[in-house]
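Below, chain A partners chain B and then partners chain C, in two separate complexes.
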Partner chain A sequence: MTSRLPPQPGEWINREQPLDFQFEGVSYQGFTGDVLSSALWANGVRVLGRSFKYHRPRGIYSLANHDANALVSVGSRTNLRADCLPLEANLQASAVNTLGSVSRDHLAIMDRFSRFLPVGFYYKAFHTPRRLFPFYENQMRKVAGLGRIDPQYREAATAKQYDFCDLLIVGAGPAGLSAAVDAGERGLRVILVDENPHPGGSFTWQWRRHAEALERCEQLLNRVHALDNIDLRVGTLAAGCYSDRWVALFDQQRMTKLRAAAVLVASGCFEQPAVFQNNDAPGIMLGSAAQRLVHRYAVQPFSQGVILGANRDAYRLASDLTTHGIDVTAICDLRPEGESSPAGTRVQELGIPIYRGYTIYQAETRRRGTQLTGVIACPLDRQGDTQPQAGLSLPCDGVAVSVGWAPDAGLLYQAGARFQYQSAVEQFVPHTLPPGLFAAGRVNGIFSWADQCIDGQRAARAAAIHLGHPDITEIPTLTHQGTPPSHPYPIFPHPEKHNFVDFDEDIHLADFKNAHQEGYDNIELVKRFTTVGMGPSQGKLSNMNAIRILARQNNATIDATGTTTSRPFQHPVPIGHLAGRRFHPLRRTPLDAWHRQAGAQMAHAGAWLRPEYYGAADERAQSILAEAEHVRQRVGLIDVSTLGKLQVTGPDAAEFLERIYTGRFQKQSTQRLRYGLACDETGTVLEDGVIARLAHDHFYVTATSGGSGSFYRELLRWRQLFQLDVQISNLTGQLAALNLAGPDSRDVLKELTCIDISGEAFPYLGVRVGTVAGVPATLMRVGFVGELGYEIHVPASSAVHVWEQLCETGRPFGLKPFGVETQRLLRLEKGHLIVGHDTDALTYPAEADLQWAIAQNKPFFVGSRSLEILQKRPLMRKLVGFRLKDTEDKPFPEECHLILDGETIVGRVTSIARDSTLKHPIGMAFVEPRLASPGSPLAIRTAPGTTVTGEVCSLPFYDPDNLRQQ
Partner chain B sequence: MKILTCPLNGPRPIQEFHYGGEFRPPLDPAQLNDADWGQEVHHRHGEPGVKREWWYHTASGTWFIAERDNLQDRVIQTYLYTPERGND
Partner chain C sequence: MPLPITRTSPFELPSTPGASRDLAGASLALWFDDPERERQAAQRLALCDLSALPKAGYKGNGATAWLQTHQTPLPAETFESTRLTDGGIIVKVAADEYFLEAGPSGVDLPVPSNGEFPPDCFPVVREDASLVLCGARAAAVLLQVCGYDFSTATLDRVIYTRVAGVDSAVFPAAGYPHTHVKLWCDRSYAVSLWNSLVEICEEFEGPIIGAQALFTDLP
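And now, the complex of A and B:
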């Protein structure tokens, strides 16, 4: 290990636990607590990855989870960031997107062509001719791309966790820890998250040698651990903030959907690069990255380094590195005045040469760019332009860049915060925050650790006040003191064009010039044309410089230039954490188990699971037909518990129903049923069912299986609008419903009920309340399937008992259960339409021959005014029955197949059955009115394109005089 | 994910609610000509700003009106419908 420093206080590595691992097939050793980048750097490896487009060698740059050029694959996981990938025993990692190896990538040839590949080149060069684009695209994707997906990847459903707290604090640095302690001591339930494996934030790298800061850090951490109401979660990333402070938290295991009453963002800043020639060479890194290497992982970032600085942090960094035996060759300070604070004096005392008003003009490398040998520094004139002719050469194997910061503001933007550019800090700082959202620390433009602690307390108190805690002394807002921590324009042109603004996407300064020449003068457009900020790190290291460049090009202020939109997630998250189980509501009738035991084929019908028929899966057609024949000839029993069952009571119940349905109910006799048809306001058929009057102010209403939920909801709305004295209860789940149908049904039922069910005592369309099999039941005589039949409504808990009693009693009569497919066939034979199946979103009653259900001279019902208008117009289509002839050997039409007149569409099939008890295929269809009279031929186009001829016939097909159900 | 305040049940997550469309004060159909009635049942105002909307709290079966500023993604107030409040 060449670059490992002696043990550092507070280091994150455990030297007792060395680990063997492999990178690109070569074995190395690191320690538990290392990340892959730090362990490789400690082993002297400098090329950790290749850039996306030009395959340039890249090393550590931020060491803060933004090194999007050091992506590796481990097993089937890919695009893992080496700078946050924890080292594990026998980890086998390889770089993504290389041909050969990361150290000798044959695709590096791309870099030679880079001058011919300006931004926008692909759009222009490869889109003509269009037909060749797929070929070009395929070739380009091989060259420019990231990790390969393993198609053998094993799917894993990841459970989500839900959580709640009073105050979520994002970031456990000086501000976040102080805020947590202040809020925790007030008794707030605090969740404190930090993406790093250890809390402390900048305490753990920037202020490690500062005794007072370290002591404060210890105190704060002790309090955080001591307070039970502070839940510290390290290794947890707050990646998205949605409406009303719903925050997505990610850790290694899962996503947590957190609802916080208040959110305090103390996420800090991203240190920002300077733009100069070859600013991407391995060994050039942010000052904060160098300090993270030293203090967290005890790794020497370089042995002889140049610091490019523009703030006090650069001078602190110089002292810090010197203390650790790193030779700081020089500081190039972009500011002509340099640093006058004690930090500056200390560096002078150390004898480090300081070049004030200098920048690094270019970095020099050898071995195809993989090894940094030095930099050329040059003075800046009064306009800040480089003077390369006065350049001087500084040998070094590393550069630390400390020229400025940009706020980690994604969550704040997503939550609706507005930012303003403050020249006192040369940074965007929150200007207005939505209620319940707070910001503190560096993201808020506060840069000294002591002030950050105060700012954290200030924000925590503001949050507590927001949450209604009384008697809190507010802390006044702080402002930054001293020179700005960021330079307004750390960007320097170079004729060779390898001065990168965006490392993710290999975008250099000249690309912005091109974009501007093409007329892209808006930040959102520049982003899309150049793709700046569209790489894996989402512009965390490039957006700010891009804004500065564009502002200068437009001769506009930073505020006027604006920022791109921040969207969740602000950091990539494993897609497996998002995927997972989907929850669909599923309803089973009380007889579900019985059906399965009886060999029913179950099918989904809306939210319900229902038996289609009873029998083998490969005997579908004959089973359905056999069940239908049996009902027609003897007796069958079907579970219709899915029917909507509503109770409407109260003095205004009849009036209410008259306003909802098209028929009349005021004079309906008790113990009688009426058909009910309901429309919506536009006159479209919405629902149908039967309405039983049990008492003067008590109605029992059935509704369709699929539509009853939304119909019930609409009834509640109309009740509020009408302001009538009526109560509506949805009994759908409380009650089961069984339909006993067939010529022998009366003989079966009479054995089990106390009610006189003789034809005289209980006629067709009657309703009776009594008992069946000893259970309270409501009996309704309906022509459900066109036979003598009884609908039996009983409490759901008694459904199995009643069903089994009916089966038992019915055995001498050959009673058989039948399924919903059989029911549909039987109802089709009777010409009963299914609302929502044979009707659509525009069907009004006259189209479906339902005029008879509309009461004449009724002053009002929902839809009446619209129907009045519609009735003045000619019918455009009509629902008719049809039969098919000679379908043998021809493809059979299906629902929704078109009816054609020549090439003109004149209708469509809504329902169809191949086998019926009528011995020939039947169906229903919408057709133009001129084709609606019985005998009209219908040309039905089937899926393979052949035409089948049908013939319109009058409805119902079966028992047209309704003799059997009476 | 939003929180909406049901006038009866207090603040609840948005999944518990069903959107019921734009609230329009009920009109007397007899007072409108055919064209105006067509507008009434088919036309909805789409322009952004403060909207009055029907919302339904599914768990409790409560319909209410929400005044919502969809430009600022902010619910101004929610209340139960009464003829006095609804028709102003």
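And now, the complex of A and C:
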């Protein structure tokens, strides 16, 4: 390992556990605790990845998950970030987005064409001619994209988890640790998360040489570990914040949906790049990355380096690197005044040349850009413009950039925080925070570790006060002292371009100029046109510079320029974690197991699973027709437990139902059923069913399978509004319902019930309460399928018993179960519509020929005012029955197929059946009223475009005199 | 001719119980494999089907007065509960509505002596699926299926929430020998809920147990 330093205090690697691994097929060795990037850098590997568009060589830049320079594939997993990919024994990784290898990527030729590929080029070049677009698309798909997805890869479902706390603290650096200790000592349930594998934040890289800081860090960590009410979770990323402080946490195993009473964000800042030519060359990295390499992984970032600085951090960095034996050739300080603090003095004492008011103009490389050989530095004039003619060459194999910071503020933005640009720190800082949200530390514009600790305590106390803890002494808000830690414009043009603002998308500074000239002068538009910030690192290192560039182009302030919108997730997360365990519950009737055992073909019907029919999967049509004919000729039994079942009780029950339904119920006799039709306020058909009166103050109501849940909630709403003395109970899942139908149904049932079910004693539309097979039951004489029939409602737990008793008793009569598809056919023959199937969200009663169900002269029912208005308007469509004539050798129409008059749409099919007991195809359709008369021809356009001819018929198709169901 | 009544559980149990008892026409599994092992499992993590316990609902302005005539100690506030003598539960689910679940000993729930309910008191059929999640790791299971913070929940007070996507009444209960929560849900969703919980419990090595591990005084 060519670049590994001697052991460093607090290093994250375990030198006693060496690990062998491979990158691009070459074997290397690292240590437990390394990430792939650090291990490769330690082995002298400088090209870790290739850029997205121009395939430029890239190395370590932030070493903090803030850039996407080094994306790798490991087995079937791809787009993994080498900067935070823990090294494992025998790891085999390869770079993504290369042709050949990462060191000799054949697609690097794209870089030579970069001058011909400005932003927006694609939109213009590949738009026309339209016929060539598939070719363009195909070629672009081949070269675009990053890692290749393995379509065969299946990851085990990772269970999501909920969690709760009083205070969530994001970031376990100086501010976060201090906040956690302060809150923990007050007894708050604290969850402290940090995306790194070890806590400490900037203590672990920036302040490693400061004994006082290290001592404080140790004290805080000891206290955090000692307090049971602090849950420290390292390797955990807070990736999104939603309403009411719902925060999505991701770790290796899962996503945790955390609901916190208060959230304190101490997430720090992203160190920002400077923009100069070839600023992406391997060996050029952020100052913080260099320090992370040294202190966390004991890796030398380079042997001879130049520091481009604009703040005190650059000088601390110079001292730090020098201490570790790295030759710092020079500091180029963008500020003409330089650094006057002790940190500056220390650098002078070390004899490091300082070029005040200088920038790096360009970086020099060799071996196709893979090896940094030096930089050309040049002075800046009073306006901050480069003076390249006065440039000087500085040999180096590395550059550390330390010119400023941008807050890691994604969570705060998502939680509703407002930010303001402060020139004192040259960064955005929180201006207003919604209740329960707090910010501390560097994200809050506080830069010294001691002040960050105080700021953490301040925020923790504010959170405790918010959570109702009394008698807490507040700590005044701190402000940054000294020169700004960020430079207002570390961006320098170059005639040869390759001065990248966005490394993910290979966007040059000139691209912004082009965008502005095209008229994109708003930050959101610039983002979309240039794609700045739209790469995998989501603008962490590019958004702030993009804002600065646009502000200058618009001659506007940073505040006026604004920021783009931060949306979850602020870091990429494994999509498998989002999928989690599947919780999409299905409703099953109590007879579900029986149906399966009996060979039913089960089908989804809304939330329910229902038997479609009983029989082989490839004998659907025959099975349904056979079941229908059996019901017409003998007796059948169907599970209709999915029906909505509501109990309406109380002194005002009848009055309530009269207001809900279009019919009358005040004078309804007990033991009698009535059809009920309900509309919404617009007069649209909402629900239908039967209403059984069991006592003067007790009604039993059925509703459609699909609509009963929402109808029940609607009834509860009206109950509140009407203020009537009525109780409504939803018994849909509590009761099972079985429909025994067919000419022999009475003979079967009478064997099992004590109720007199003779035609005289229990007529059509009657309801009786008694027992069936010894089980308490409510029996209703209904005729949905058009035959003599009994709907038997029993407690759900007894459904299997009653069903089996009916089957057993019905065996001599040939009783057979039938499914919901058969029921749909039978009701179609009988001309019964299904609300929500034959009606839609705009159907009002007159269109569906349901005027008969509306009681005249009722003072009020829901939707009555709307219906009065609608009735004055001409009818636009009407539901009719039809039969088909010439279907042989033609595609058979399906539901929703259109009915045409020439090329004009005049209707659509709502229900249709090819095979029926009537021996010809039938259906129902909405048509224009002029076509609603029996005998009117209908032209139905099928899916392939063939026209099938039908003819309007009177409804019902079957038993028009209602003799069968009496 | 009177026929035997058989009530069935909505859940698919893993095997035929080693012992069970008849409870109002339903079979209540007492244990499946080994009673002692199930008792130990109940302390760690286990799932138990109690759907066989008879249930009833009463609703209306007269419900409180009528239940009081049965010497039943009624909860004062909505969502609070009281205990029946055999370990059964009464929950006040609304201002004028009560939900009752009998204990495992077979004591009958209140019914009118003449079969007639007084005016303004209406019986409501309750066939809810009923199960118990018990043991020290029950909380970990709940964290995977429910967004409610049960660490702050009041014992013996019902919470209406969603568990594994199913609307449920959750009842963190005191009185049994082990930490446990009782869950009631609409019977039509029972299989979905049960399957989700079984899957998660299996990952935590929590078996399905019989009622004897929960009700130690059961014969």
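Here is the rule we go by: the second predicted complex is superposed on the first by the 919 of 966 C-alpha atoms of A that agree within 3 Å, B and C clash if a C-alpha of one lies under 4 Å from a C-alpha of the other, contacts with A are read in each partner's own complex, and residues count from 1 in each chain.
Here is the rule we use: a contact is a pair of C-beta atoms (placed from the backbone, for glycine too) under 8 Å apart; a residue touches a chain by one contact, two chains touch by 3 or more.
Note that the structure is a prediction, hence the values are computed from the model and not measured.
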*asked:* For A:Asn554 in the superposed arrangement: first (chain B), second (chain C), both or neither?
replied: neither
*State whether A:Thr682 touches chain B only (first), chain C only (second), both chains, or neither.*
first
*Does the superposition put A:Gln8 against chain B (first), chain C (second), both, or neither?*
neither
*Which holds for A:Gln92: it touches chain B only (first), chain C only (second), both, or neither?*
neither
*Decide which partner touches more residues of chain A, taking chain B and chain C as the two options.*
C
*Based on the superposed arrangement, let me know which partner A:Thr949 touches: chain B (first), chain C (second), both, or neither?*
neither
_chain B versus chain C as contact partner of A:Asp244, first or second or both or neither_ = first
*Give one of first, second, both or neither to describe whether A:Ser864 is in contact with chain B, with chain C, with both, or with none.*
first
_Show me the chain A residues, by the header's touch rule, that chain B contacts in one structure and chain C contacts in the other._
257, 259
*Going by the contact rule at the top, pick out the chain C residues touching chain A in the complex.*
2-10, 12, 25-26, 51, 57, 59-61, 96-97, 119-120, 122, 124-128, 143-149, 151-152, 164-166, 186-193, 196, 199-200, 203
*asked:* Could you list, by residue number, the parts of chain A that touch chain B in their complex?
replied: 242-244, 246, 257, 259, 416, 681-682, 713, 716-717, 720-721, 723, 730, 860, 864-866, 869
*In the complex of these two chains, what residues of chain B are touching chain A?*
1-3, 13, 18, 20, 26, 29-30, 32, 34, 37-38, 41-42, 54, 56, 58, 61, 63, 73, 80-83, 86
*Footprint of chain C on chain A - complex, ascending*: 159-164, 257, 259, 581, 583-590, 592-593, 608, 641, 647, 649-651, 697-698, 725, 727, 729, 731-735, 752, 773-775, 795-801, 805
